[in-house]
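Letters A, B and C mark the chains as written, and numbering starts fresh at 1 in each.
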Amino acid sequence: MNYLAKIREQKPLIHNITNIVVANFSANGLLALGASPAMANAPEEAAEMASHADALVLNIGTCTEDQVKAMLIAGMAANEKGIPVILDPVAIGATKFRTDAVMQILTELDITVIRGNIGEIAFLGETDARMKGADALMDKVEPEIAVYAAKKYNSIVTATGKTDIITDGSNYTLCNNGSSMLPNITGTGCLLTAVVGAFCSVTEDYYEASIQAVSSYGVAAQLASEKSNGPGSFLSIFMDELYRLTEAAVQQSAKLHEYNCKGVGSNDR
Amino acid sequence: MNYLAKIREQKPLIHNITNIVVANFSANGLLALGASPAMANAPEEAAEMASHADALVLNIGTCTEDQVKAMLIAGMAANEKGIPVILDPVAIGATKFRTDAVMQILTELDITVIRGNIGEIAFLGETDARMKGADALMDKVEPEIAVYAAKKYNSIVTATGKTDIITDGSNYTLCNNGSSMLPNITGTGCLLTAVVGAFCSVTEDYYEASIQAVSSYGVAAQLASEKSNGPGSFLSIFMDELYRLTEAAVQQSAKLHEYNCKGVGSNDR
Amino acid sequence: MNYLAKIREQKPLIHNITNIVVANFSANGLLALGASPAMANAPEEAAEMASHADALVLNIGTCTEDQVKAMLIAGMAANEKGIPVILDPVAIGATKFRTDAVMQILTELDITVIRGNIGEIAFLGETDARMKGADALMDKVEPEIAVYAAKKYNSIVTATGKTDIITDGSNYTLCNNGSSMLPNITGTGCLLTAVVGAFCSVTEDYYEASIQAVSSYGVAAQLASEKSNGPGSFLSIFMDELYRLTEAAVQQSAKLHEYNCKGVGSNDR
């Protein structure tokens, strides 16, 4: 099933409670993809806005007490309505305030997908892996960290790095698309989280939606990096590529490999 | 009278109380046009900042209680000074919080121009038209909706859509410039609102200023869309085109037609 | 000593408490340069975030009471740790709220570098020069204003305008790089402040670091303006040029001249 086409046809409303650094970039990225962004942070309107939405994206990048409150209110409305809720635990572990905010969200809400970099996912999983430090992890592929977190929080986990890992706790998929230019631009992880929200809004197969989101995003990034001279031109061309992305291009370039968590099988996709 | 030249000559200070999504884009768009943006949201400085300004732009896109407070304080200072106040009722009707904020602003302040999409203007007008839903309206030209709102709030109303409508309640002008790329970029409506503020700051003929703002903006968008490959490159080139826009280019490409609200006459411009 | 190479090697973490207009642009500019931005405004996490950082950048562009509180908390943690603290007094003098915020920061914290335009620095210095008005100052080179402020606040002062002035109160350096396109883009001064933070984070010679920051930034801007058609394309290309900037290019194009404040000598660099 081609979820990209469904996004463009249905133009799902994605309610984002996100940080001041990436609000513009996330909205533009969602529009380029074909979705409709709604950016609204006030607790007073959080429930009502979420109730109109097809997915809710929570990003703690520059969160305040009021914003966490809005996230909890919106999240409850989203859970009640049954729409997917995607969480981006930006820089969790960097401060107690961030860690507490994420833990409160994970305790009080049903989170459909957690999307973070592998360091953030390791922190969340509280595995021994976190002791290695986030930077040490970034270039390694350690699916067990993501699988552990997925089981612990009963969520799909999407851990990005040089190789991206998507898991529902039973199976995991590795994705080798993307571009080395992505980490040179702020919010490329945050936008992916929003894009995962858009893909999840048009299906109930959230694992498959997350895989398609990650590979589509990665293919668009590859196409953009071939044409760019640095992060400024990349950013501009990446928006064009998200807008022009075709299912055929994704099919042709996606590098996905799926594994069974018990190690009893694997297959190319 | 050529207001674009006056903006570039006078570099009017436009005080914006606006949302976190478009603050950067609005400031850059105003600078590209030739105006001087001042972005300041704190209630503590709202009156003083507005008192330095040549126009005040209020945008409720991500408003909070504090920001609405700042808007009312700044608005009163602006009304006292006699500078134009432009209101953008972003997504009014989506939540009670937004609707209440706009209504309080319209009740307590004299608003010079209301700039919204046709769905927002229909909601404001509380005409039967709103029952059709915003999306249904977007491709239609229903000047009576804008005229009704203009009379109700005693403001110039600028309702944008496939065709833009500018009215003072006695006459209305239809503008057929713009680009289909504009809705693919967040804040292109919000920036137009700020641009209307810049045009209104150099004259007291706010109806004429609004017409020139809409047509100039639309011509710049047309020029940009001819050179772009998608929303990313469009955004970049659109800033260049606003910066390079000449009165001659606007004159040559503007598609304006003016009507008398009583239906007793119309003329091309 | 080549600080640009050190930034790229060490990827220093620059904690920014900054305004909603430039948060994205500042983060992207720091990434393009090779540094690691952390944007975090909440008082609850200010001390902890600053304690991880290699430099702290305080920018009052859209400050609120809570943000000033966060700046003071983060600043104290930064002073305790001994990392450089850079202050950008955006539009000081425009409102009492801004002036008070800056004065409180300067009273309670040790500020390593103050980076502002020459009008802001004149206001800070409370010299007679401020009476001339900021605009009147912008095209003039009045090093005594900057030197006076540097002595008064016991900080390095970097005053930007057509010619940039960097002074430690004993010597001053004039820099004639940059581009006339910079004032057409919002936040180009704010980003320079963050870039000064990045250069200061890899040395304890803050005067030299500020000189290298200003000249490197100016050379990147020159290179970008040669290739751009307006502020939109400039912005995109400027990010590319910051990313691709080499020490050789800076050496070749930097226009620096150093003077002794007592007028007893000067030399090209």
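The rule is simple: contacts are C-beta pairs under 8 Å (C-beta built on N, C-alpha and C of every residue); 3 or more make two chains touch, one makes a residue touch a chain.
If you're wondering where the values come from, they're calculated on a predicted model, not measured in any experiment.
Asker: Among line, ring, star, complete and other, which one matches the pattern of chain touches?
Answerer: The chain contacts form a complete graph, every chain touching every other.
Asker: If I superpose chain A onto chain B using their CA atoms, what angle of rotation comes out, to the nearest 5 degrees?
Answerer: Superposing chain A on chain B takes a rotation of 120 degrees, nearest 5.
Asker: Since chain A and chain C are copies that touch, is their contact same (over half of the numbers shared) or different (under half)?
Answerer: Different: when the shared numbers are divided by all numbers used, the fraction is under half.
Asker: Report the inter-chain centroid distance for chain A and chain B in whole angstrom, where each centroid is the mean of the CA atoms.
Answerer: 34
Asker: Chain A to chain C: how many Å between their CA centres?
Answerer: 34
Asker: So which bits of chain A are touching at least two other chains?
Answerer: Within chain A, residues 20, 24, 235-236 contact more than one other chain.
Asker: For chain B, which residues count as touching chain C in their complex?
Answerer: Within the complex, chain B touches chain C at residues 20, 23-24, 27-28, 31-32, 37-42, 44-45, 48-49, 52, 66, 235-244.
Asker: Which residues of chain B touch chain A once you look at their complex with the stated criterion?
Answerer: 19-22, 24-25, 61-65, 91, 94-98, 183-187, 228-233, 235-236
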